[in-house]
Amino acid sequence: MNDLLWPALALLPLLVTTLALAVADRTSSPPSEPLVRGLSVGSALLSAVGVVGTVLTGTGVDVVWIPALGVDLDLRADGISTPLVLLTAGVGIVATALRHTRPPVDRTEEDRTAPLVGQHGVPGLAAYHACLQLVLLGALVTFLSRDAIVFFVGFELVLLPMWLLVARHGDAHEAARRDGAALRFVLVTATGSTLMLLGILALSTLTGTTDVDRWAELAGASLSGREQLLVAVLLLVGLGLKVPVWPLHTWLPWVHSTAPTAGSVLLAAVLLKMGTYGIVRLVVPVVPEGFATASPVLAGLAVTGIVWAGLACLVERDLKRLIAWSSIAHLGFVVLALATGTETGLQAALFGNVAHGVIAALLFVVVGALKERWGSADLTVARAALREVTPRLGFALVVGMAASMGLPGLAGFWGELGAVYAAWAPAEDRTEGWFRLFAVVAAVGAVIAAAYAVRVLREVWAGDRLLPAIPDSHRVEGVLIGVLVVAVLVLGVYPSLLLDVTAADAAALLTGGVR
Amino acid sequence: MITPALPMLLAAVLAGAGVYGVLARRHAVLMLVGVELILAAAGLVLVTTGQVTPDPLASGAVLTLFVITIAAAEIVVALAVVMALYRARGHVDLQHERSES
Amino acid sequence: MTSLQWPDLPDLPALPPLPDFPGAAAQYVVAIPLLAALLAFLLGRTSSRTAAWTVVTGAVLTLGAATWQLYTISVGVVPRVSETVGPLALGELTVPLTLSASPLTAITAVAVALVALVVQVYARWYLWYDPRYRQFAATVSLFSGAMLLVVLSGDVVLTLVGWEVMGWCSYLLVGHISAKASARRAAAKALLVTRFADLGFVLGLVALTAGPGSTAIADIVDHWRAEPGTALTVAMLLVIMGVAGKSALVPFQDWLPDAMEGPTPASALIHAATMVAAGTVVLAQLFPLLQASDPARTTLAVLASATTLLAALLAFAQPDLKRLLAWSTVSQVALMLAALTAIPVGEGPDTAVLHLVSHALFKALLFLALGWLAVLAGGTLVSYAVSGVRRYGSVRRPLGIGLLALAGVPPLVGFVSKELILGSAEAGVQAATPGPALIVLAAVGAGAPLTAAYCMRAWLILSRPVLVRGNGRTGEQLDDFFAEPEVMVEAVGVEEAEAAISSPARAGITTLSLLTVVGGVLPLTPFFDVELHLNVPLLVASLLLMAAAALFVLAASRGVRTRDAAARLPAVLNLAAERGLGADTAYLTLVARPTMALARGVTWLDREVLDGYVRAAGRAARLLGRGGERWSPVQPAPSLVLVLAGVLVLAVIGVVLR
Amino acid sequence: MSGLDLLFLAVGLLTAASAVLAVTSRVVLHAALWLVVALGGLAGCYLVLGAELVALVQLLIYVGGVVVLVLFALMLTRHGNAPVQASAGHRVLAGVVAAGLTVLLGVTLTAVVGWTRVPVTGPDSTDIGTAIFGTWVWPFELLSLLLLLALVAAVAVARGAGSVEDVGAATEEEP
């Protein structure tokens, strides 16, 4: 029973709060904003305590759930999922603590002296927070689960609240954009989930179990080469839609540009990770031969995405979309590293995954705050230079963009360097020539990252305009940003913190079998 | 000793008749008659299976009792709806052209 | 050919034993500036004073640690390899992340730490009124820490870390005055050009690492020395591309003069001892590999030689003395790299590193002194700076010493290091593969008089006699039609203006001047293992050439009102030189514009083609729904029939398939 | 063919025939009456199968309660010469679907149980009672809740009409 304590503490607060808030939202007099937010943050904090406890004590749930299908509710954290559940818990606190406001209408030149009033008292706030809680719950289940079906359930659990966040609580300006974003999100998630489910079902019928550890032990032994390839392609396309891998990425900028700040933070820091985590769990160790066959194509798509997204960042007009594009580029590095099939690559991918989570969270918090103050995130509108009017937000943006371009000493560096190295020296069953070409292209992508980072800083951060004045970060924002900046810095300066956690399990994953 | 195929065939016939009733009747109450027949068919299958296979839980009989009870509840609500419909529209014709009313 | 050795060092008079610190000196040298940067940023939030104390204390401690390291290395008691945050668990790849110190890197570290200290002290005065002094100081501290990391790195990953951090810091420092559009542009240009070149650096290091599967420099050198070949050549060429970017070799040279937009202390730091010299340090660490790959060596020799000549020529024609110094930096750094290629196989990179140290001393001196003058005179354009040293006597000595050292006049440090390069190039010509050495010899031979020429020009301008009102105009007027506003001797103002510099800053400049004068003894110290290739005729010839060039410039300057010999050049040439021969335009047309066009094309493709499919899918789904709505029965009963029929069909399928 | 089989055949044919008539009769009232016969016949079938309790409950609730309700509803909603059946084409379609369903169900169900004769070993009333108040007690209690809900819902839906209140009142006695 003691074993159940920590996992239960990690999951139950989220579940209970979700239900409570969802019910509260339907009442005729919804609870006030401080109450809702307090409840939400409290539940996220409790859950984070539970997550930390689960990770530290190594306890887990193992209950038979659907015996007829052989589905176990097996929730445990190992080296590979530990960083991600911690990331989820941390980002969860950030996302719930962010104040949700409807951005005011675009503040143009004319009314720049008008007082800036955040419009609080958003309708449906309780439901909004319920959605956040549900997203966190789904993400935790996804990362903790050691059963493919439960993994899938967690995966799906996240999508609907996310869609609600985008469609109902997104950018208030343009209904058409919101509609477009929601439409894309639904299409992509539905398609991706279906393909992934097909893959999971194919695997479970071919192996007779849905236990991913068992799958990793079998390492595709009971599958023929063609079956392996088929399963790998199904899962990769399904998961690739979520990651997203070029050319399945077009939904991401749309969704990010319309999602509320907390939604963007969760989407970038947690949801996208579920795709890469899925590849690590369900594809790399499970169908090694199929993955090896598909990996050159996957790596090619990944590096195309890196360059493609980087180029798009150079001309993108909307700052939030720009950050979304940069996410695509970073996840390209992660996928490239995965595709190399080496332990170095896997470690780099796991590191890059978490690093991107933290960096993207930081950037989206900052950009969300800016959008709230500016009224839009359009880069073509002349604004006051952040360095002059809001030094704290400006500093956070500088750190974020520097980390985004892979500056050493910040979190982004190790994953990207590892990815380039792994691509230069891929596993023996990969075609070296192609992968070296990919390494070169990825390095070009890193250069483009510097270019767009400089572009953003030049257009937003540096300059001599002082009007329209906007307020600097307030207290909650300041604390959240500070924590994220420290996280980015610590991961960058002392990468062993993360690498040592994942090392043993990453090695075990590639050699087949569990530690 | 009994041939269980016979009750099963009867159940099939009852279900078919019920479906026909649901599909072909325009009168709302008569459509419900079809629904009752389908439920009856389900009950028959349950009872037959329960009678020919040993079962310590007596699921066949018990579940049939449940079905009957649920059917009662269902028909009560359904008839209430029909009554409400009748009060609102003056008829219970399911294929009533809207232009006629 | 004689070899200067210091045979019996341990017999030196014993110094008092140093206290036993935990950890190695190298760790302190790297960690202190980084910590100081962090502390200055955090603590100095309210007062610049705290920040200043923090960074200056940090710089002093760093210098102390570096000196301590130099001493311990000279007596040979220290473990040369020390740990940092590694080793990293990166699977097959070994990443020990160690620091390692050798005599050469130790002395370089001392030079860097010294320059950093002087720059910090100087910056406190120079940026007294700057509200963002604290960020500047922290960045400078970070910058010097990064350079020290590169210098003491025993692992290519650490090298890369320091390398990139320096690039970023240069962005921040050059763009320090971010309200100025030209500074913003220059900062972006510096970062982008160097980062573009880093493409090669990263790939080169990765390729080097992939061989031994370890990032330790020792492992890499061992591995590739055992099996040189095409792979090594490719890797070294890539590394050289990166070095060319940071060290502003052709074709990446144009970012550096623009970087003059930064405050003078930043320029001094970037140009004297740190970023631009980092390439030399890295190649010195990988020196055996450079020597093992002839194509790489030749390529570097060609690039460096071309750069050193081109930059010297451009320096001569600059209308701004600060830009003149910038181009001279390009030229001198190229000279160091050229020296690396010319050294005969089997010898160490000592001459190049010696020139690095010597350049660090005199270039820092020049920049700081010129910055001082700029504050006094109001700018560094020829028209402002003219007669500078006459009007402000206190800058006369530092500037004079600096220019003499730059020109390579004996016995200053610049002379020694250049002559050693010339000597080793001459020795290299006689080696088995004389190609690179030959090119370098020619370039150095031609570069020396050019350097002398632009130094002479600068000095002539600075030391022009002051035009005092009432003096009759002498000589012919050549350059200007409208008369220059004649300057009164600011008999009262000068004293105060000169006194305005803080005494620590002045002390720093004086220290640098002294070291520049006496630095010529450096090759005699045990830290350098210089093969002395003394070739007296060559030496004399080069000195004569320099003298001739100086005389020629003197002659040319006669009659020009500002004594600016470059005014004799056609205006077209002057303009072209000022614009760096249109390199900026070339970057724009060759790289920036095509990239932007490509980016626009990509977004178009993304929007219209890739996203088009997604949109089409959405639209198709909606159309299908509408069609279904239209063609399906409106009434419930027939729809129910269809639904049940469908269910039936499915059930039949299920039964049949089973 | 045993005696039980013959007996079942007789009752079953009656039930089937009345069920078909119940869904095809053009006269509304006749249809309801044929339903009574069909459900009664089904109770007979249950008896033949040896499930006395179920048969009794069937008689009690269906024939006694439900059909009465249906008859009431029919009377209350009488509306001149309202059409009872759908158009011919529709009926044919419905017939095809119904026939298909019959065939499908018949084939699969008989295939499952087979044509061999088996002894009737069903539980007696005591067993059923024990089972209901033992294993099935929670679902049973839930059912009572459901009935209560249905009652309330019926009242809520049909509120305002006295006749419907009667309907609601009638349900109270059923469990």
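We call the chains A, B, C and D, going by the order they appear; numbering starts again at 1 in every chain.
We take it that a contact is a pair of C-beta atoms (placed from the backbone, for glycine too) under 8 Å apart; a residue touches a chain by one contact, two chains touch by 3 or more.
Just so you know, these numbers come straight off a predicted model, no measurement behind them.
Q: If I average the Cα coordinates per chain and compare with the overall Cα mean, which chain comes out closest?
A: A
Q: Per the definition at the top, count C-beta pairs in contact and tell me whether A-C or B-D has more.
A: B-D
Q: Could you tell me the distance, in whole angstrom, between the mean C-alpha positions of chain A and chain D?
A: So the centroids are 56 Å from each other.
Q: So what's the Cα centroid distance for chain A and chain C, whole Å?
A: So the centre of chain A lies 38 Å away from the centre of chain C.
Q: Could you work out how far the Cα centre of chain B sits from that of chain D, in whole Å?
A: 6
Q: What whole-Å value do you get for the distance between chain B and chain C if each is reduced to the mean of its CA atoms?
A: So the centre of chain B lies 88 Å away from the centre of chain C.
Q: Which residues does chain B have that touch at least 2 chains other than itself?
A: Answer for chain B, listing residues that touch two or more other chains: 19, 23, 26, 95.
Q: Can you list the chain A residues in contact with two or more other chains?
A: none
Q: For chain C, which residues are shared contacts with two or more other chains?
A: 637, 641, 644
Q: Kindly provide every pair of chains that touch.
A: A-C, B-C, B-D, C-D
Q: Under the definition above, what is the set of chain B residues touching chain D in their complex?
A: Listed in rising order, the residues of chain B that touch chain D are 1-21, 23-30, 32-34, 36-37, 40-41, 43-45, 47-55, 57-62, 64-66, 68-77, 79-84, 86-87, 90-93, 95.
Q: Which part of chain B faces chain C closely enough to touch in the complex?
A: Against chain C, chain B makes touches at 19, 22-23, 26, 94-95.
Q: So in the complex, which bits of chain C are touching chain A?
A: 85-86, 88-93, 157, 160-162, 164-165, 168, 171, 175, 178-181, 184, 187-188, 191-192, 195-196, 198-199, 202-203, 206-207, 209-210, 213, 595-596, 598-600, 602-603, 606, 610-611, 614-615, 617-618, 621
Q: Would you tell me which residues of chain C are touching chain D in their complex?
A: 637-638, 641, 644-645, 648, 651-652, 655
Q: Within the complex, which stretch of chain C touches chain B?
A: Touching chain B from chain C are residues 635-637, 640-641, 644.
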